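These are the structures in question, set out in turn.
Both of the next two complexes hold chain A, though its partner changes from chain B to chain C.
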Partner chain A sequence: MGKIKKIFRYDNVGILFVLPAFVYMLIFVGYPIIRNVILSFQDVTAANLVRGDKTFILFDNYRELFADSVFVTSLFNTLRYTVLCLVFQFVIGFLLALFFNQRFSFARPVRGILLVPWMIPVTVTALMFRLLFATDIGVINYILRSLHLIGENIEWLTTPGTAMFALICANVWIGIPFNMILISTGLTTIPKELYESASIDGANKIETFFHITLPLLKPTIESVLILGFIYTFKVYDLVYVMTSGGPVNSTHMLSTYSYKLSFEMFKYSKGSAVANVLLVILLIVGVFYIKATTKGEEEE
Partner chain B sequence: MNEEKKVTKKKNILLSVTALLLLCVLLFPLYWAFITSLKTEQEIFQNPPTFYPHILNLKSYAAQVETGDFNMFRSFANSFLISLGATVIAVLLAVPASYGIAKYRFKARKGMLLSFLVTQMLPVSVLLTPMFIMFKNMHVYNTWISAVLADATIGIPFSVLILKNYFASIPKDLEEAAYLDGCNRFTAFVRILIPIAKPGVMVCAIFSFLYAWGDLAYGMTFILDQEKRPITAGIFNFMGQYGTKWSYLTAFAVVTIIPVALIFIFMQKYIVSGMTSGAVKG
Partner chain C sequence: MKKKRVISLLAVLAMTIGMLTGCGSSAQTQDGAKPEESGGEAQDSPADASAEAEGNGGEAVTIWYYWETEGHQVALDQVIQEYNASQDTYEVTAKYVPFADFKKQLSIGASADELPDIAILDSPDHASYVEMGIFEDLTGKFDVSSYYEGTVNSCTVDGKLYGIPFGANCLALYYNEDLLTAAGCKVPETWDELMDAAKALTTDSVTGLALCSVQNEEGTFNFVPWLWSTGATSYDINNENGIRALTFIQNLINEGVMSKECINWTQGDVMNQFISGNVAMMENGPWQIPTMQAEAPDLNWKVTLIPKDSQYASVLGGENYAVINGGNVDGALDFLTYATSEEKVKFLMDKFGYISADKMIAENQFEADSPYTPFVEELNYAMPRGPLAEWPGVSDAISLAFNQVITGTATPEDAAAGAQATIDGIVK
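Showing the complex of A and B:
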């Protein structure tokens, strides 16, 4: 009995190590989340933000949002943007991972350098892509013109459809290294013997890819896609710097629309409501992520 | 790994050339921004565009030292201070927390671990308004402290989740040997475990720094005065005011990338480990 008691006491000391970080997160993240939920049920604007009466109007904000065409557009924009980005960055990242998985002299150093786009501050990436997609001096227009694909310069960032395209390009550029490196790591975990025996059995490259590589990469692919979804779905800086939701609200995402409502129109409660919709969708996807990550935890 | 079949010499050259071509295509945006910062405004507007600066122009950098519009070096220093502060908080809190989670089986452990996982996926939008109100009440609104406090919330959960794997992989015998040598739990943690987990601590410090360095939303929302703002917010501000002064804008971009590039050059192995271990296994 004494022994059990000792172990019990030993383990409980552990919480003391965790508490400082936990309390910090509780104050600066936990409390704000709750505060945000409360805000979304109130009618807070610039007038009564810090002091003054705040009336509870319950679901009025949410009801109004779903009747608001900009909100509905941002919701669908966010979904469309996320799915398209995921498809392109995943496919390109996967192909690059396969390419650099071959043993040639430059494979490792070049793959390493390709991680740089992922590390650069998103504000800078947005600026670089604004330069590339600029109408008169943009190098993309220049290339397309030289190839005679277009006659006149395209106003990429001020035309609704093309602005979204430019955003997706920039995001895919950031996402490729992330997909590539995770899949590369996944590829190294596949035992080489499997490939050897497959080639003895006379399987060709395409067959081995579909029967060995893909199935064994399934856990990696799952986490790459789920994490990619989470990171892309909450996109803020990139869109805010590149288009600020324009032209005519056509590229607003949930995050940028929330920001606009709160900090440009000072409708804090409405902005909070938009942020909560974003949060709920992320949490639903997050459940899958947590399930995937805690699976390994049990085995430890 | 080495016994793996190597490609033939001819194929090696072919693949290496392809790799370099891919590199050029994928890093073109960076190259373009860099050479634009070295061109004169006149040359930037030249048609057809020049693919390297015909007249080398360093004014875009030099002008920043004198002019008052937007002092790039001051913003750089602000960013550096904010990122360093956030990194210190994140590492100081995350190191013991991850050790606690990795080595002890207390009751609230699972719940706490889960909450760190969840905070990692939160969108900034959810936190901005309530943090804004909170910082106003704490009287740190419009000071660099607000950005430090907010940026640390990105680094902490990431660091806890990464480091917990490092601590978990340290065998228990090592700790027990330390106790026999007269260490108590705390001194064993500081003297034995932290030094072993040092690569993990480096990963956490680097990523906490990078996250804070790249932040725009917090710095822009919680700090109002341009002279106190981080460089990302400065760039955004400048873009709104002088949207087409591309020589200046790209010079800001290059300066903002410098710390990232240095981290990349000198600490690349930590980057790979942070990107992979942080994501695949929480």
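Showing the complex of A and C:
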């Protein structure tokens, strides 16, 4: 009797509530991850995918990957792409949020319209930007030529450096509304009284921004940046449609290279090793996210 | 505190995975949506409906294929429908899987034991799946003696037959006759003549030549005729011949007679540029002909052999039927016997714009003035890619080398050396 009571103590009942979700996660999230880690330690190709002889080669896949120039490029590309996208999305999104936080007519409807890029399917956006950046028929070259900024058409998507630039442009365009809306929401939680008392104390706009807006927005900013990082880091569809990792492998990301290794070249184990590198990086960022958000809760 | 940390970690895990799989599942819905758009007709296949109506009720035989062209799907379904009506032991159904996902689906299906009974797949991939051990040995079960040697080779591994060629195609050179006449050029037969013609044809709004140069199997398909024409092979590139092929393509770009944009053009895109009059000559296959005739009936174009360096060369394309082992093998064989009969092959080839893999049928398939006739001639010079289980790796090295010279990121010498190093690592 006492034992049963003990099991149904308040805390333990809580665990029972969590249990179904935990079991679900274990089967549908835990199992694939473990399976993928095992796969990356084996040597599975077209030859032994179905037959049983899968030899364990432990870290050989990872060792070979770090010697593979395309992998190193895609790792570096993914980081560069993520950081640059985040910086531009965040700064422009923040400025727009501040702008639309002012009271003026049409502020709300226009802010709504600005959400459109976030709502369009990424494949559509990618096709659109592919056409915009086309060399001979692209609108961007046309405008630049009309303004006499360039003499000859720029080969955006067929030159390694500029292809990455085009990808970043497309993703910044998609990401701005996401940043803007989350920061706007954060702004509305800051009590108006603080600004009123600050202005009575004689603080100017810039001082109120750095001493009231920014500190109070800190939790929001942390969430926006970390979620943005995770979202941007695992980019696949945009790159696949716009450049497919080309020209000459210069825009491969970890995700697209993993796909290529697994499903175009039948190197399943190497592909899963790339996916695991991606996962580990995202897990590290995820830990920061949990730390940032739980700290905020504890303070409250 | 410790507990909390564990829970946090689990939450992180859940969140990241959720996001990763979120990406995966959205890709899947796209895949799911695609057949409804492009292959809707085939999905609600008339074969299904009629079979139900007649109550055929035989053992199920499933086919996977990747043709997105509606005409292809309708033709295949008609053959299936007739087959289902002709007997009641087996009931055949076909499923469309998009080309981009076909390899993925077969790989996943192989490891999950969820495969069709018949797969109609791209011929260069055939050897890889034989290696995987999912195809039935068909040696002695079908008479392929009158088939083109290259097509039979593409499904033969270690002297055993693991498939039946569905149809054959190859690449040839299309030219816009009006533009050619206006520029005063004759039909090019050698590389030099091709270069001269391309230069003469290039104006402000027209580029002389286009060929699909994307960095994947489709690009390789379009590059190898140039490589092989010099006498180089797919496995031996870092020599005078291989470098000459790379240099020729690079010169086309440098002279401005071929657009760099070709690295983003699929064969369909190249065809669209050609029928819009933006391109005067293109390398392409016979399957474009029905579309070209429908979309640009007034365009005056002709087809000729791909100009040669030291010998004529083209690349063999097309699909093979393969029977999956462990499935309904008897049913699959029965259907294939039906579908490879002369009458059915003729019907399918005509509807597809393909050339029969059976030489006997192919030689009488077209009238002398048909645009398909040059392709039948070109087929004599066409060689298959591979067959080699590791072909995808070799293919990647070849398409990378050509993309490097097109984008100017490597000299022909360096590109050839790089490709050779990769290939040597694969084919020891």
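Simple rule for what comes next: the second predicted complex is superposed on the first by the 263 of 300 C-alpha atoms of A that agree within 3 Å, B and C clash if a C-alpha of one lies under 4 Å from a C-alpha of the other, contacts with A are read in each partner's own complex, and residues count from 1 in each chain.
The rule we apply is simple: contacts are C-beta pairs under 8 Å (C-beta built on N, C-alpha and C of every residue); 3 or more make two chains touch, one makes a residue touch a chain.
Just so it is clear, the structure is predicted and the values come from calculations on it, not from any experiment.
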Fit-or-clash call for chain B and chain C when the two complexes are aligned on chain A: clash
Which of chain B and chain C A:P247 touches, first, second, both or neither: second
Partner chain(s) touched by A:F266 [first = chain B, second = chain C, both, neither]: second
Touched partner set for A:S258, first chain B, second chain C, both or neither: first
First, second, both or neither for A:V50, with chain B first and chain C second: both
Greater residue coverage of chain A in the superposed arrangement, chain B or chain C: B
Partner chain in contact with A:I181 - chain B first, chain C second, else both or neither: first
Chain B versus chain C as contact partner of A:H148, first or second or both or neither: neither
Which of chain B and chain C A:M25 touches, first, second, both or neither: both
First, second, both or neither for A:D237, with chain B first and chain C second: both
Footprint overlap on chain A, where chain B in one structure and chain C in the other make contact: 22, 25, 29, 32-33, 49-50, 123, 130, 134, 136, 230, 234, 236-237, 255, 262-263, 268, 278-279, 282-283, 286, 289-290, 294
In the complex, chain A residues that touch chain B: 10-18, 20-22, 24-25, 28-33, 35-36, 39, 49-50, 96, 99-100, 102-107, 110, 112-125, 127-132, 134, 136-137, 139, 142, 146, 173, 176-178, 181-182, 185-186, 192, 219-220, 223-224, 227, 230, 233-234, 236-237, 240-241, 254-255, 258-259, 262-263, 268, 271-272, 274-276, 278-279, 282-283, 286, 289-290, 293-294, 296-297, 300
Contacting residues of chain C [partner chain A, same complex]: 4, 8-21, 23, 26-27, 30, 103-104, 107, 110-111, 128-129, 131-134, 214-217, 259-261, 263-264, 389, 392-393, 396, 400, 403-404, 406-407, 409-410
Chain B residues touching chain A - in the complex, by the definition given at the top: 4-7, 11-12, 15-16, 18-20, 22-23, 26-27, 29-30, 32-33, 36, 44-45, 47-49, 89, 93-94, 96-97, 99-101, 103-109, 112-119, 121-131, 133-134, 136-137, 149-150, 152-153, 156-157, 160, 168, 185, 189, 210, 213-217, 221, 232, 235-236, 239, 246, 249-250, 252-253, 256-257, 260-261, 263-264, 268, 271-272, 275-276, 279-282
Footprint of chain C on chain A - complex, ascending: 22, 25, 29, 32-33, 46-47, 49-51, 123, 130, 134-136, 155, 157-160, 230-231, 234, 236-237, 243-250, 255, 262-266, 268, 278-279, 282-283, 286-287, 289-291, 294
